[in-house]
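Got a structure for you, questions after.
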Amino acid sequence: MAETISRFGAVELDDLPEDLRERIGAIAERSGFVPNVFLALGHRPAELRAFCDYHDALMERESGLSKAERELVVVATSGANHCTYCVVAHGAILRVRAKDPYLADRVATSPWTTELSERQRAIVDLALALAVEPGAFSADDLDAARETGLTDEEIWDVGAITALFAMSNRLAHLMSLRPNEEFYLMGRVPRS
Amino acid sequence: MAETISRFGAVELDDLPEDLRERIGAIAERSGFVPNVFLALGHRPAELRAFCDYHDALMERESGLSKAERELVVVATSGANHCTYCVVAHGAILRVRAKDPYLADRVATSPWTTELSERQRAIVDLALALAVEPGAFSADDLDAARETGLTDEEIWDVGAITALFAMSNRLAHLMSLRPNEEFYLMGRVPRS
Amino acid sequence: MAETISRFGAVELDDLPEDLRERIGAIAERSGFVPNVFLALGHRPAELRAFCDYHDALMERESGLSKAERELVVVATSGANHCTYCVVAHGAILRVRAKDPYLADRVATSPWTTELSERQRAIVDLALALAVEPGAFSADDLDAARETGLTDEEIWDVGAITALFAMSNRLAHLMSLRPNEEFYLMGRVPRS
Amino acid sequence: MAETISRFGAVELDDLPEDLRERIGAIAERSGFVPNVFLALGHRPAELRAFCDYHDALMERESGLSKAERELVVVATSGANHCTYCVVAHGAILRVRAKDPYLADRVATSPWTTELSERQRAIVDLALALAVEPGAFSADDLDAARETGLTDEEIWDVGAITALFAMSNRLAHLMSLRPNEEFYLMGRVPRS
Amino acid sequence: MAETISRFGAVELDDLPEDLRERIGAIAERSGFVPNVFLALGHRPAELRAFCDYHDALMERESGLSKAERELVVVATSGANHCTYCVVAHGAILRVRAKDPYLADRVATSPWTTELSERQRAIVDLALALAVEPGAFSADDLDAARETGLTDEEIWDVGAITALFAMSNRLAHLMSLRPNEEFYLMGRVPRS
Amino acid sequence: MAETISRFGAVELDDLPEDLRERIGAIAERSGFVPNVFLALGHRPAELRAFCDYHDALMERESGLSKAERELVVVATSGANHCTYCVVAHGAILRVRAKDPYLADRVATSPWTTELSERQRAIVDLALALAVEPGAFSADDLDAARETGLTDEEIWDVGAITALFAMSNRLAHLMSLRPNEEFYLMGRVPRS
């Protein structure tokens, strides 16, 4: 089982240090399952702890981008980076947060051209520029984002989330990380 | 409504010449809805007729690749080409034909590296080589496919389906063709 | 001989079903030789028939782009796709239809920058955008084409021909299809 | 001054929360100056804290890769990503740790081909595969690394450091982060 | 007329310094016309002189590659670089030197995959590796060339000619240099 | 020693024909050492002579670009081409000529985006367009350069130097040419 999750194996929740066990346990309680990324990073607790801290600092932040917009950045750049785990897991969260069962598949498959609101398109274009060709990222990209009304705080959010998932996507590719089956269906059908 | 389907508008089923109306009508009866691609190509009946003929000649063929393998080629190359319509529509058919609710999302997102059986990987690698960088396609690609046991008939199927969807993907990008909402959920939950 | 035409062999004209034998025979009569593509696709008559239908629907169409402009799309995108058969065969037809012995070599070698009329450049730019990077094709590409005066009917022609030869180029690469020697010289010297 | 460090400004050491002030202060004491990255990330203390934690977990780790090898990964991938801050700052550290005044410039400029020991080349090749084209990273890349004798712990180090600097490089590009002038000369001349 | 040759104008043969006038004049006498490149570079006589010297040192050399093989390197790399002037002009010379009216069009259009003898393929593969992605050129490329029997002298010829035309192709693109019409037909029909 | 300079060996200064021995000797006298490129090209005196002539015609030219601007073109394009020899050797000369110990490392690492004066940015952008994607170089690139005030003589200088180092970079990659150690430190510390 552990090998089917990651090329480098996976721990059990009980194998984690106490602080991580509680933290991941709380996530599992809310979701109904333990997302595989936590078990797969568990063999390096210090790295997992920093990963969770960085993730929460950016994805749970109250001001700046909305929660759905943060997930939009993740799904668009993970699609461009061909990262199955992040597309499937964060696609599920995007469907839930945006209350839209179609947006995630459209953005993940065709991030450069799928039709979006002007604000969403500006967010996605900025994220893609930094994600895919960082060596060509210039003041022009920032200016284009500002012209659509994005504030510098929002621009930082877009850039920093893009950077964080440039890391996450590569960790997932390194591990060939497999998404939990629960993610595939989440947010596709209305809760009764 | 028609504009939301395609940048070039869409016809109604009743606007089509009789042979196409019957042909598409039969598809609609089986599926429960008219796939948007037919309405969007309907303004050019001669092209739509040739499109249907080419599609059926390759996708409904009895010998050679299995039906599920044919859809695998479509989903892998449409993912590489970032074509939302074909990924969503043929992803649905792949889920149904392969009886696997996860395969399509994995192949569409990460066609180059998602874990597959050796035969599936050979099929997908051959398809991607021809789809993405045709100018570098060489005898080495054919030899690699033959070494895994693919016959020349099967290789032709892979190549010809890849070529057909190189066309379809570009038509869909030209139109910004929108998938029917029904496709998104199809094949994800077991029929009760 | 058959192997030198295609990696998958080639049929004789007499091996084809009657409708195709007559149809290809008529082409051979006009040209003085049977273009190799028909003999190479002959082992799959249903696919060859759909190929001919699609080709004629787009390349023989009366309204929209001129005949020479249709060939310009083929030569530009086939050059970008490094397809020898289509560059040599349709380069010949372009020389004849445009009555210009130099245009085809220039467009095939350097489609992005060779000097053209404004209308020709708009046609070629639109075709290249869809041919080479379909996942980045956007409403901006259509707008740029419309600004030069191309109608939506003409834009469809450009896009659909580009899509058709995205298929043809890949079939030719799959087969390593060899051009007939007659094409190389056609249209280079004035008929006396 | 703050604007010349980053497009998003920079804090003073005294503006940081106490834990970060002490932590960065200790680094400054050892180096003789405060590396600009800490002042530039200081406007987001939670992100800076996670950044420092992740960095230390990977770059100060005792087992696995040597300290110089860890910097080699950083310089090679930052060169491939065209990141001036990381090339200049970590190039300095690599010169010091590898006691080689030439290695960093060679690796940063031409990471794919500069001549290295077999072990160094295996490390750099693995890092570049994951850094530059994560969507094509496959089991073959891991197998090639293992064949040169790299252990799975070392491979994880290479992959995780590559992933961390995929993030860092993008943050630096986002900010147009300017390297401290002290880094340029560090490690180039023998200490007297 | 001069502007149609180059964006930077062109000199007349008589405007050149005496040594160049004689040298180019001798070429014109042999060819029946003055190749446009000489007139277009004529505004910088010192550069034109060095260009001619470098060209002759490599293209007129007696030992190493044959004359036809030298032209094969030029046509293959100029095709990959989309340089119309060099493809048309050196394509003509290749037809003459290889006594083959088809080889040049095939190699220029599809340099990576057109069918060649093993020796020709080794020459072209080596040239393309250096021409197109110099930053990835490695000892493996040299080893592959040596394994097919190429000597180090021949390998140098391939590499140096590739390098020279990396320069020439870029000068031609800078000028939008137009080929003389005479080149298009040269070597296509047997001399009577 | 000779093999560590180049894969194809290197001559001694005394092995060169007299004119080259004097010419290179004079350079060595000024620099304090013989730059490796001359010894590595010495096995082909006619090519070395043309190389020196071309280099001097462009890099020692009095009118047009300043000396420092000429080196800026070399360092930017050699960085884009991942050429260690040219980045290290011409980076040294750029530091000296621009009297700036930081500019060369910044431009070599991140040529597309490092902050420069408007004139420098126009020079570098023009050079990169021609260096990296010559097949897409168009009149638009020239127009953008002219709009910043560059004259046609200066534009020619940028283009021709870019073309010359497209050649030099490839020769250096062919040889795996090693920079003299003296270059690494040159221009980094003020002369006392």
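For reference, chains read A, B, C, D, E and F in written order, and residue numbers begin at 1 within each chain.
Note that a contact is a pair of C-beta atoms (placed from the backbone, for glycine too) under 8 Å apart; a residue touches a chain by one contact, two chains touch by 3 or more.
Bear in mind the structure is a predicted one, so any value in this text is a computation, not a measurement.
S.K.: Along touching chains only, what is the step distance from subunit B to subunit D?
M.R.: Between subunit B and subunit D, the shortest chain-hopping route counts 1.
S.K.: By that same contact rule, can you tell me which chains touch subunit B and subunit E alike?
M.R.: Touching subunit B and subunit E alike, sorted by label: C, D.
S.K.: Under the over-half criterion for shared residue numbers, do copies subunit A and subunit B use the same patch or different patches to meet?
M.R.: same
S.K.: What angle of turn lays subunit C on top of subunit F when you fit their CA atoms, given in steps of 5 degrees?
M.R.: 120
S.K.: If you tally contacting C-beta pairs, which pair wins, A-D or C-E?
M.R.: Top pair by contacting C-beta pairs is A-D.
S.K.: Would you kindly tell me how far, in whole Å, the mean C-alpha position of subunit F lies from that of subunit B?
M.R.: 51
S.K.: Once you find the CA centre of subunit A and the CA centre of subunit C, what distance in Å lies between them?
M.R.: About 44 Å separates the centre of subunit A from that of subunit C.
S.K.: I'd like the Å distance between the centres of subunit B and subunit C, where a centre is the mean of that chain's Cα atoms.
M.R.: Between these chains, centre-to-centre, one finds 23 Å.
S.K.: At which residue positions does subunit F touch at least two other chains?
M.R.: Expected reply: 82-83, 110, 112-113, 135, 137, 173, 176.
S.K.: Name the graph shape formed by the protein chains and their touching pairs; answer line, ring, star, complete or other.
M.R.: Here the contact pattern is something else, fitting no line, ring, star or complete shape.
S.K.: Please give all chain pairs that are in touch with each other.
M.R.: Chain-chain contacts present: A-B, A-C, A-D, A-F, B-C, B-D, B-E, C-E, C-F, D-E, D-F, E-F.
S.K.: Enumerate the contact residues on subunit C facing subunit B in the complex.
M.R.: Where subunit C meets subunit B, its residues are 7-8, 44, 46-47, 49-51, 53-54, 57-58, 81-83, 130-131, 134-135, 137, 139, 142, 152, 156, 159-160, 162-164, 166-171, 173-174, 176.
S.K.: List the residues on subunit A that touch subunit B in their complex, please.
M.R.: So the residues of subunit A touching subunit B come out as 79, 82-84, 87-88, 101-102, 105-106, 108-115, 173, 176, 181, 184-185, 188-189.
S.K.: Within the complex, which stretch of subunit A touches subunit F?
M.R.: Of all residues in subunit A, those touching subunit F are 135-138.
S.K.: Give every residue of subunit B touching subunit D within the complex, in rising order.
M.R.: Contact set of subunit B toward subunit D: 110, 112-113.
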